[in-house]
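The following pair of complexes shares a single chain, chain A, combined with chain B in the former and chain C in the latter.
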Partner chain A sequence: MIADAAAKLGIDVPVYCYHEALGPLGACRMCLVQVEKMPKLATACTTAVSEGMVVHTRGPAVDKGRKGVLEFLLINHPLDCPVCDKGGECFLQDYTFQYGPPAGRFEEPKIQKVKDGPINEFILVDQERCVLCQRCVRFMGEYVGEPQLLLEGRGVETVVTTVDHEPATSQFSGNVIDLCPVGALLSVPYHHKARPWNIEREESVCTLCPVGCTTLATGRDGHIVRIEGRPVPDRSWGWLCDRGRFGFDFAVNPSRLITSYLEGREEAAARTTRQVGQWLRDAVSQHGGNSVAFVAGGLHSTEEAYQLNRFAREVVGTERLAVSRDVPGYLPRGLNGTFADIDDADAVVLIGTDPYESVPVVHLRLRDRARALPSLKLMGVAPRSLSRETLRVDTLVTHVGQEAAVLAAALSDAARGHAVLAELVSNGLGDLSGIDGEALAELGSTLVNSEHLTVLWDGLEADVEPVLVALQSVRGDKPTRVLPTWGPSNWRGFERAGFDARIESLTGILEDARDGKLQMLVLWGADLLREYPDQELVRQAYARVPVLVAESLFPPAGHESFKAILPQAGPGEVYGTYVNMEARLQVAMPSVQPPGQARPTKTYVTAWARAMEKPFVLQEDWDPYDDNSGDLVPEESVPREVRPIAPASSAPDGYELITGVLVIENGIPSDFLKPRVPQYPGRISPSDADRLGIRNQAVIKLSREGREMTAAVAVDPAMTPGRIYMPLGLADAPVNALGTGAVNVTVIEEVHSA
Partner chain B sequence: MLEGLKAIAKGMGTTLKALSAPRDTYPYPEKRREYSPRFRGKHMLGKDEEGHELCVGCGLCEAVCPAHAIRVVAAEAPADKPVSWTNRYSIDYEVDLIRCIFCGMCEEACPTNAVRLTPFNELAAYDRESMIADKQELLHPAIRK
Partner chain C sequence: MSQTFYLLRNREVPQIGHMDVYREHGGYDALKKSLAEFEPEQLVDLVKRSGLRGRGGAGFPTGVKWGFLPKDGRPRYLVVNSDEAEPGTFKDRELIENNPHQLIEGMIISSYAIGAGQAYVYCRGEFLKGSEELARAVKEAYAAGFLGENILGSGFSLDIFVYRGAGAYICGEESALLESLEGRRGNPRLKPPFPAVAGLYGMPTIVNNVETITNVPAIVTHGAEWYTSMGTEKSPGLKIMSVSGKVNRPGNYEIPLATPLRTLIEEYAGGMQEGRSIKCVIPGGSSVPLLMPDKLDTPLDYESVLQAGSMLGSGGCIVLDDTVCIVRAAARLVKFYREESCGKCTPCREGTYWMTDVLDRIEAGAGNEADLDMLLDIADNMNGKCFCPLGDASLGFMVSAIKHFRDEFEAHVREHRCPLGAKVYDTVNY
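Our next item is the complex of A and B:
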């Protein structure tokens, strides 16, 4: 298109409706240019470039055309700029200034429409300011696939509104604020807050899930007041999900830690830090460095993890460093793909993960690919159907803990006799009854025969790792790339900084703590009671370890057990590099100061080194980037040997508890998002609900071997019978209290929806 | 001798003439000069006939001020308690009169004619703090003593 060509050459062609991701429409006529040998002005966004074409982007004819378009747009446009949040960054202002007529000739009263009406909890619509470019409508309908916005009325009465005037529920709704070229769609948290000239806009990265979307953080008077998407040329469109866009208020949440606690009481930061230093010194001098263990987690940056790692190894002298993990899986760096592998894939296999819920913006990327390549093979292996309105996925529904065996079976079928497979399934495949043979064959041929295979994996089943390694060696040179969808969002960065990201080392630390072999356990942003898959082990470890210290954004679960709790400086408050699920390093600049006593890691570790009277110099300029790998964590070769997987156990009687990541509920509180967080996050199939006598929603009790938990569930027709789904890591219903698998269910209370 | 007397008489003559001539100075503060209404002194914030503030917190005066003397914080007024004539208003408005160079750009930029420079120019104070005029002060402009 002419518009793209001009943009590439740095020539300004004004556009409203055109957006590369959405494709041409030609609705606004703002982009008029003159093409030689064409009788009339042409729209640059719908005219394809061809050999020998001569285009004039300025000139009397073009200027007259643009002037006319703008005069029409302004006929019913209110004189709102002083009270409009877009003022100063509005394309209608800019283009009018640049190309527009000096005055309008229209003298009749302007048509009045809805002002500041709601689209949903986060978005306001001012219909008078809309230029009817339809970007918002097309984004929601065509791009996201959730058509919740529409144009209503005709002619000058046309307005943007929601379907049936119900609030838009899509988790991608916030993107329309960035898309709207004028001040018609506005952010509620940012409403009447600031102006482009009195804010600090810093390049940042969303750390709330492993996607690590690129953002711009707007700081005003020491607070972050807005998060916008930041497009990166040739890499990302700058979409965000509503979690990332509106969930920034965790920094000012009332439950945020801003003071230090020493043995349960509020205490001055200096004293608490000194006391922790004293404990460290005692533990090291009496029991040796390895009696102290460090677990990194939460929203820490790679640099912070590096500083902690240096302190732990050099000053404390311990090798016990682990990453907080909520799922047992691990992905070798050599298999880790990038988002470009989604754009190039002819087959995508989702193992356990529902991208819409666990890595929202990747879901958009998948949809983008599926629209570009209708023949894209999209398959899933999970204990529930991963298909949605917006993305059709052929899911092979397994029982809990069968994913690895099912994948191995499919692979052995399709690549019979390959050497690694014999090793992989040397313990047998176990009981796979009930798995449809045809679907298995299809999965096998997709895995083996596709040209470019991209896998998304939720890490809930550790045995999938050897299957992926085997898959890679079966496929040989054809790309086999995997994207891990688990948290903590920066786990690869912690690994880069020197922490062991495999769950085994974390388990080892916890077992030693339980057995009394550890003197001190320092949790760096990790909330193990909520995260670690076996809550009981954490409980025992917490009870046994003499000194338990946490540094965190929010009080960790079981905070009574902690001897000291230190407040953490969060993302946006410190400079930091974060590594996302592509193993890509991305820098986030600070836009505000840490609140209260919250301090960056460096402050704590240098203070402790002083208390321990050991020399400790932190290199200022450690740089997680590697000279040869660009902004990716350096490649490693894929391990060759595979370990045999455990055979699948037979389907349990009764209900199975299954789980997964739900980003909106990932434990970081946000007042803005509260209305969106489901009150009944659990899910149950209609037939099971019938059997249990539940009509819509209920609070149920799940129990196994004496342990129990309550869960608020809602009926979901997409659920497979026999399964009960609960998101991972809920503070009030932690799945890790039970673990997944067979459970007994009793209904405590049935709740009818209003 | 005569020459000397002549000189004294001439000098006295000049002095006497000057004594009765109209004066250029004022016995300030007992007497004050009348300024043109366009004189650019201290700022004020205007209100409309119904008593609503004219300022909508658009921040244009802040943006245009070459001395960065103005700070505006806008907010949304509760639906039932309007402050300005629309739902946006300035919750905080400050002019740092030490920084201000009285150029009048803010006055010129204001789309609602809210901020105006009054002829009031008696700006002395004992500390810097009191040279920052807050919103209440600006809404109730000082009148000449």
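Our next item is the complex of A and C:
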């Protein structure tokens, strides 16, 4: 289109309705240009460029046309710019200054419509300001596939509203605020909060899930008041999920740590810091450096992890460094793909993960690809169906712990005789009865024969790693790229900073702590009781280690076990680099100061070094970027050896507890998002609910071998029978207290819906 | 004088809408002839040679349109546009209400010609009677074996579906019609792709007006030469004109094209009512500019009317007499477009709203000198800049009215009232 060509050349063509991701519409008529040999003015957004075409983007006819369109847009516009949130960053204002008429000629009464009507909890619509560009309607309907907005009425009475006037529930609803070129769709948290000239709007990165969406963070008077999507040319449209867009209020959540706790009492952070330094000094002098272990996690930046790493190794002298992990899987850097691998894929396989829930914006990317390439092969291997209305996924439904074996079986079948596969399944495949042979053959063929294979993996089953290594070996030169969907969101960054991200290191530290071999355990943003897959081991370790210290945004679970808790400075409060699931380094600028006594890592480690009376100068110029790998973490070759996978165990008779990441429930609290947090986060299939006598929702007890947990579940028609799904990492229903797999189910209380 | 040539030849026959009566008058003979004697391509060629042009308003050659269908094996559809909502036009209404089989026969022949297995009639929302008549006639045609599987043993199968819209003028625009037919909001689509390439449900689709399709059996029966023997070389054949206004016999008249406007008004429609004289004429439905009485000798064919400064359009001939307030008429017509604008594109949505308010104000005596030039400037800002033809259609009458009757507009401004007094305001019949 002419509009795209002009944009590439840096020529300004004003548009309202056109958006490259949504395709041409031709409604607003703002982008009029003069094309030679065309009798009328043409719209740049709907006219395809052709060889030899001559286009004039200015000139008397063009200018008069645009002036006319702007005059039309303004006759029914309320011109309440002085009280409009968009005032100062509004395309209607900008284009009117640039192309518009100097004065209005319209003397008749303006049409009156709804002002500040609700779209949902987060979004208001001012129908009077709307220019009816339809970006929001088309985004929700065509792009997201959740058509919850529509045009109602006709002609000048047309308005944007929600279907049946019910609140829009899509988790991508907030994007319409960014898409709106005028002040018609407004953010509720930002409503009447600030003007463009009294804010700090910094380029940032969302750290609430591994996608690492690029954002703009708006700070005013020391608080972040708004997060917007930030498009990156040729890489990202700048979409966000509502979790990332509206979840920024964790920084001012009442439970946020802004002072420190020493032996359970509130204490000035400086005094607690000194005390921790003293403990470190004692531990190192009496038991040696390796008696102290550090676990990095949470929302820390790569630089902070690097500072902690250097402090631990150089000052404390320990090698016990691990990353907090909530799933056991690990992905070698050499297999790690980027989002471009989704755009290029002819086949995508989802292992365990439901992108809609774990990495929402990747779901949009997959949908984008599926729309561009209708023949895209989209398959899943998971203990539940991963198909959704917005994205059809042929799921091969397994039992818990069978994903690796199923993949290996499919692979062995399709690439018979490959040496690496013999090694992979040298312990046997185990019991895969009940797995559909045809589906297995189709999976094998997709894995082996696709030209560009992209895999998304949730990491819940560690044995998938050798299968992926073997898969790559079988496929040879054909791209085989994997995107890990697990947290902590910056785990690859911690690895880049010198931490071992494999779960074995963490398990070793916890076992040593449990066995009394550790003197001191420092948790750097890690909340292990909530995160680590075996909660019992963490409990025992906490009980045994003499000095347990945490630095955190929020009080960690089991905080009574901690001798000291220090307040952490969060993202948006420190400069930092974050590595997302693509292994891509992205810089976030701070927009505000850390609240209260929260301090960045550097402050703590330098204070401790002083307390330990050891020289420690932090190298200021360390840069996580590598000269040869651009903004990606340096490539590594894929390991050649393949470890054999464990044989699949037989299907259990009764129910199975399964889990997965639900990004809204990732442990970072948000008052804004409370309406979106499900009250009954667990899910059960209608047939199972029927058998248990549950109509809509219930509180149930799950138990196995003496361990138990209660779970609030709701009936979900999409749920696979025989499975009880609970999101990973819920504080009041920790899946890691029980572990996935066979469970007994008893209903405690059935709850009828209102 | 109530001479009718072909499409309306049976208008006086009682019960012509029923299968047996229709067949007694030669009905479905053209279908039999088509299936027995013609290959589909020969029919397309026949229609091409007949020079038949679209009767919905644009006048695009029908055979040429049929030739645009890509030959790629995808299913094809025929959609008959019966969303006749142009003020002053009521020809399709008579065709489907009185003689539905004639249309159905045309649809079967046309579908056979273009290779469509399904055909749709999209009726205007207000055409309750017409759509019911059509639905009844379709049922009769199924029973008689003219619809359904293997029609008359020819191997050709066709289903016809009758739909009624929700009452929107914009759905007469073919792509908006398709949107509405698919169950969506009736907004026009971006072209290209044109419906012939990607129309109903994304498949190749031919959208034709009721009158156009109704001409097809006649051409099959009498041949292309018979058709081209009427009218002019570029505008051959017959056209139904709907005459309204203060004439003695308002109604539908079928004329050979190139019949003079004067003949239509004075002979067919019986001339003006006692004491009335012609102020101006809208020859082709509300979307076209007016013609002054000095153009009454204009032959009614596409080219001549265009040359005279207007368009033949849909053939809705509105005769305005000397008692009509031209400002009032313009205000009322523009208001129609304001109500019917779909709201998709800015100039049409806002421009029609603005012009209506200004015209109302002038008519009420609250206008000022600058308003007239402002109206023309608004029209200029809309002209050629709207998404679909509706926006431009709203301008034709008003701009020509200001051009020819500027005195009358200025008198409203100067005297702060309508100089014609409180005379008949309902002359444009709404």
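Here is the rule we use: the second predicted complex is superposed on the first by the 754 of 754 C-alpha atoms of A that agree within 3 Å, B and C clash if a C-alpha of one lies under 4 Å from a C-alpha of the other, contacts with A are read in each partner's own complex, and residues count from 1 in each chain.
Note that contacts are C-beta pairs under 8 Å (C-beta built on N, C-alpha and C of every residue); 3 or more make two chains touch, one makes a residue touch a chain.
The model shown is predicted, which means the values in this text are computed figures rather than measured ones.
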Partner chain in contact with A:Gly26 - chain B first, chain C second, else both or neither: second
First, second, both or neither for A:Val276, with chain B first and chain C second: neither
First, second, both or neither for A:Cys81, with chain B first and chain C second: first
Which superposed partner A:Leu460 touches (first chain B, second chain C, both, neither): neither
Chain B versus chain C as contact partner of A:Ile123, first or second or both or neither: neither
Contacts of A:Leu73 with chain B and chain C, given as first, second, both or neither: second
Chain B versus chain C as contact partner of A:Leu585, first or second or both or neither: neither
Contacts of A:Arg195 with chain B and chain C, given as first, second, both or neither: first
Between chain B and chain C, more extensive residue contact with chain A: C
Partner chain(s) touched by A:Asp221 [first = chain B, second = chain C, both, neither]: first
Overlap of chain C and chain B interfaces on chain A (superposed complexes): none
Complex contacts: residues of chain A adjacent to chain B: 81-83, 87-88, 116, 191-195, 197-198, 221
Touching residues on chain A, where the partner in the complex is chain C: 24-30, 32, 39-41, 46, 64-65, 67-69, 71-73, 75-76, 105-106, 108-109, 111, 131-132, 134, 150-151, 153-158
Interface residues, chain C side, partner chain A - complex: 168, 185, 190, 338-347, 349-354, 357-358, 361, 374, 378, 380-382, 384-387
Touching residues on chain B, where the partner in the complex is chain A: 56-60, 62-63, 72-76, 86-88, 111-112
